[in-house]
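Multiple structures follow.
The following pair of complexes shares a single chain, chain A, combined with chain B in the former and chain C in the latter.
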Partner chain A sequence: MRQYFGRKLLVYGLTFFVAVTINWMVPRFMPGDPVSSMVARAGVSNPGAVETMRAYYTGLFGFDQPLWKQYANFWGALLQGDFGISIWVFPTPVSEVIMGAVPYTLGLMVPSVLLSWVVGNWAGALAARRRLLDNTVLPVGYVLTAMPYMWLAVLLAWGLGVVAGVFPVAGGYSFSLQPSLSWEFVADLLHHWVLPFLSLFLVALGGWAIGMRNMIIYELESDYSTYLSALGAPQRLIRRYAFRNAVLPQITGLALQLGVLVAGALVTEIVFSYPGLGSLILKAIQNQDFFLLQGTFMFIVLGVLIANFIIDIVYVVVDPRTRAGMAGAQA
Partner chain B sequence: MTAIQETPATGAAAGAGVRREALYFAVRNGKLLAGFGIVLALFLLGFAGPALLEAADPNAYGTTPMSPPSGEHWFGTTTFGQDVFSQFVHGLRTTFIVGALGGGIAAVIAMAVGFTAGYRGGLVDEVLTMLTNIVLVIPTLAVLLIINAYLGVRSVPAQALFIGLTSWPWAARAIRAQTFSLRTRDFVALARLSGSSTRKIIMREIAPNMSSYLFMTFILLFGGSILIASSLDFIGLGPTEGISLGLMLQNANQWSAMQLGMWWWFLPPGAGITAVVGALYVANVGLDEVFNPKLRET
Partner chain C sequence: MSLRVSELRVYYRTLKGDVKALDDVSFTMRDGEILGLAGESGCGKTTLGKSLIRLDGRMRHVGGTVELDGRELPIGDDRRMNAFRFHEVSLIPQYSMSAMNPTRKIGKMVGELLRSRGVALDRAELESRLELVELPRTVLDNYPIELSGGMKQRMVMVISTLLNPSLLIADEVTSALDVSTQKAVAKALIGFRDAGFVKSMIFVTHDLALTSHIADTVMVMYAGKLAEKAPSAAMVTAPRHPYTRLLINSLPEVGVRHADKKLSGIAGSPPSLLDPPAGCRFRARCPVAGDECAQEPPVAEVEPGHFVACWKA
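Then we have the complex of A and B:
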């Protein structure tokens, strides 16, 4: 078990290192000059002012120092939690802007990911070996997984929001309200939360159902199932064993899908103008706010790494082979 | 001597037999035919359509903005009078290009990494597996976001290239596992004994034995590339010139097509992506049934 976690942590540590390095490299080695584009964006025509701004931004990135020193400084600032100053909402620090958005993204993602995983697995397990159910779950599942996240979001917003008028289609809460801990505000918050949650939940649902269905069919055809039924074990018992075995790849699958799920949440937030990280990224891109964009990138990477680690812990709890130090979870 | 000479001959005959059997089941598999049929129809529309349309530039502004579908504009027009059908057809072409290029690049990297790691084993395997795991954990879209944000001019091939460079790990891992199980088989050992080079063993002995698996992996990578590209386009980091289905969705969202009730603007592009990717997935299930006798419906 110690070796299992040691290996995992090594991978995550290296991943973090690679991510930080990418984050540092991209502005410096991509074609194009971020400093001139930022100066150009300010639209100053006075040559003296342009020169001052250029010097300021160059100093901000530290472009005038040798490369290795820039890299060391970058790490130093990062470890102190310093992501720079946002240009979009100047002069708020980037970390503060992101911290304001993270709760919305987490509040959207955590319930939708967990619920779609649970419900998807349940539906898939039911569908396996039940022809009638299988014939409905499977096509619906394929259509859902093939859908781009933002399209289902747009469809829901249009159908339930604009046409039916049941749910609001933009924002995290009504503009007339101030964030507070009153019943009115919480109800409003939930009201705005339903549609983005529903669209994230639905798109992810299909993939889990299909995966579980296929795994259960595979397990029910394996030797131990045949042996159990030859012994006369009740079908319920065999199915329970099959489910326990089939759930393991689904847990690994959840870890593998995290990146896709985050991407889905980002575009869904953009559709609903939901004030999470996705909308922040859109604003950062529209305003050429590179510090904000890179800060958000670091937060997403950190979040995904932490989520991966939590899934690893769950895996150890669910799969006894990893605890015994056997070759259970090589993944 | 004769035995050795005969082996390739019977091998080839057996290969042809397997192929004929696969074809026999392929033309009788509804999922496969329907899936590939839809993909082929959309492919033809995307590649032949633009030539048949009169308007050369799908983004050209027209004189009748915001009009619903009619005989003149099959899918209606946008706020700027652009013909949605023309954009859709051109966007389909972009979608197929991104899928083929991105999926192709990812498949090549995945095969190179997967075969090498699985066949060589040892330290090479350790290093490649570590690399695969690292790229696997990094959220792909986030990396693509910052790369594309710093790229001033973005083109479709560049987008496909970066998608290909980041989306290969799961496939590499799957191919590695398959190679791992194949490399201890007798026929591989025989090839090694007869002095074939590693490269030749991989190309001649291992790859053909999992060709169906490789093809299905490519299909999944193809569909995945399309979905990633559409997300990138939607966030506003799509190609700076031309049109794609994702860009159409982005434009529709940006100019409040939803609030204005212009359903003809945002329905077709999303339906196009869903149809291409969904049909590919269904065809993949069909292929699985063709190649795997256990899954065939009797």
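Then we have the complex of A and C:
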């Protein structure tokens, strides 16, 4: 057991190192110069002042040092929990900017991913091998899953937002409100949350339902199901076994989904101008904000790794074959 | 009579039409009898085995009756048949290696299966039967993946016979095993019969040599029909049907060097069961076929307990 998790942790550590390095490299390979745009933003016309500002910013962000030294400094700062200072909203620290956006993204993604997984699996399992339900769940599932989620988002925003006017189409909360812990604000928050949530939920739902339906049919045709039927076991027992075995690959799928959770809503957030990490990434790219981009990517990498680790543990609990494999490794 | 099958017809539904896999088969079995069911692939032996316990989705019960211990089995009615399954008729499947749910401990699975059939698990009885097939009782706390192929096979044998069924269908149970394990399995099956766990048994196989060791009676099928049914000794020493004779001649004998004497097979292949030819179905491959074979030969009892469907027998 310890060996198993030790090996896993080692792999995760390596992955983290490589991913963070790439995250550091990618923004620096982007065309453009963040310092020039910051200076330009200041709108100073005096050449002497421009030069001074350029020198100040370059020194502040460490761009005057050789690349390897920038890289070393980056790791040193990272290990102290320092992500740097944002260029876009200078001089707010990156960690502060990210922490402001994370609750919105998580609040959107965690319920939509988990609920679509639960409901999709349930619907798929129910539909498998039941003619009438199957004939409705399958086509609906295909249509939902084939739909580009941003297109569905636009459709929902137009239908329920613009035409019906039931839900607001933009923002995390009304501009007339200040974030606070009042009922009014929470209700407003939920009101703005419904449409982006719905668009993500519906698209994911179809995929899960189809996957589960196919897996259940596969399990119901497997040898152990046939044997149980031959011994006259009731459908309830056979379906229970089939469900339990069919859900294993779905858990892997969920792990992958949880991984991209943090970034997954990028386009949805842009469609609804939702103030989450997705919007942040867009802003960081537009403003050449190396540090913000690094920070958000880093957050995504951490999310993927932690989600995968949790799933590793869950797998050990639900699939005895993993446990048997571990016993074999010890022997 | 433990089992009486009369004029049983089971067809496979296909897009091209009905495949007559089992066409007018009748036979009986005594209490305590082990019937070896042999024949080449596609002769209908597995179909017969399945018909007695559970028709799969493509199979259709067209006609004929099956009577077990004086009660008619509703083989065409999947729901009503459930009452008989496991309790009266049980099955050791061809796929014993994968017959158990991989994610349940074996003991737990057996308990759940029994409970679902309204029977409480008698742990002591189960353990004594495990002992009989030389399985340690600890296998009940194992997952199927932790057992070897032979162990899984024996475990499935124990599960299938747990409720002392009247009829046990062993479908190709030895096909996937090596020769020494085959013998152990065969012995265990006879032991189950002798201990009274099963009243009678149908042993489906394509291995005629092994069948004659286990079975009291051997039944050879050809192209969906009964060709010959006889006590095993008579079947080996004095087969009457030309097909059976060729089948036995094509078996290698111990002590014969086959460099000198070539093994003879049976030329040709079985007819399509989609549209079988009229008359004797073996006619095209039969070395002794004559004009009368254009008529279908009836099953005749040539000696007590020895049935043959051939004009020349």
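By our rule, the second predicted complex is superposed on the first by the 264 of 331 C-alpha atoms of A that agree within 3 Å, B and C clash if a C-alpha of one lies under 4 Å from a C-alpha of the other, contacts with A are read in each partner's own complex, and residues count from 1 in each chain.
Just so we're on the same page, a residue touches a chain if its C-beta (ideal position, glycine included) is under 8 Å from a C-beta of that chain, and two chains touch if they have at least 3 such contacts.
Since the model is a prediction, treat every value here as computed from it, not as a measurement.
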item: Chain A as common anchor, with chain B and chain C clashing or fitting; value: fit
item: Chain B versus chain C as contact partner of A:Leu9, first or second or both or neither; value: neither
item: Partner chain(s) touched by A:Leu114 [first = chain B, second = chain C, both, neither]; value: neither
item: Superposed model, angle subtended at chain A by chain C and chain B (C-alpha, nearest 10 degrees); value: 60
item: Touching partner for A:Phe290 - first (chain B), second (chain C), both, neither; value: first
item: First, second, both or neither for A:Arg244, with chain B first and chain C second; value: second
item: Which superposed partner A:Val186 touches (first chain B, second chain C, both, neither); value: neither
item: Contacts of A:Leu231 with chain B and chain C, given as first, second, both or neither; value: second
item: Partner chain(s) touched by A:Leu256 [first = chain B, second = chain C, both, neither]; value: first
item: Winner by number of chain A residues touched, once chain B and chain C are compared; value: B
item: Which superposed partner A:Val304 touches (first chain B, second chain C, both, neither); value: first
item: CA minimum distance (chain B, chain C), superposed complexes, angstrom; value: 7
item: Common interface positions of chain A, toward chain B and toward chain C; value: none
item: In the complex, chain B residues that touch chain A; value: 130, 133-134, 136-143, 145-147, 149-152, 170, 223, 227-228, 230-231, 234-237, 246, 249, 252-253, 258-259, 261, 263, 266, 269-271, 273-275, 277-278, 280-282, 285, 294
item: Residue ranges of chain A touching chain B (in the complex, touch as defined); value: 11-12, 14-15, 18-19, 22-23, 26-27, 30-32, 34, 37, 142-143, 145-152, 154-155, 157-158, 161-163, 169, 221, 256, 258-260, 262-264, 266-267, 270-271, 278, 281-282, 284-286, 290, 293-294, 296-297, 300-301, 304-305, 308
item: In the complex with chain C, residue positions of chain A that touch it; value: 222-224, 226-234, 236-237, 241, 244-245, 248, 318-321, 324
item: Interfacial residue positions of chain C with respect to chain A in the complex; value: 53-54, 56, 81-87, 90-91, 93, 95, 98-105, 112-113, 116-117, 143, 145-146, 156, 159-160
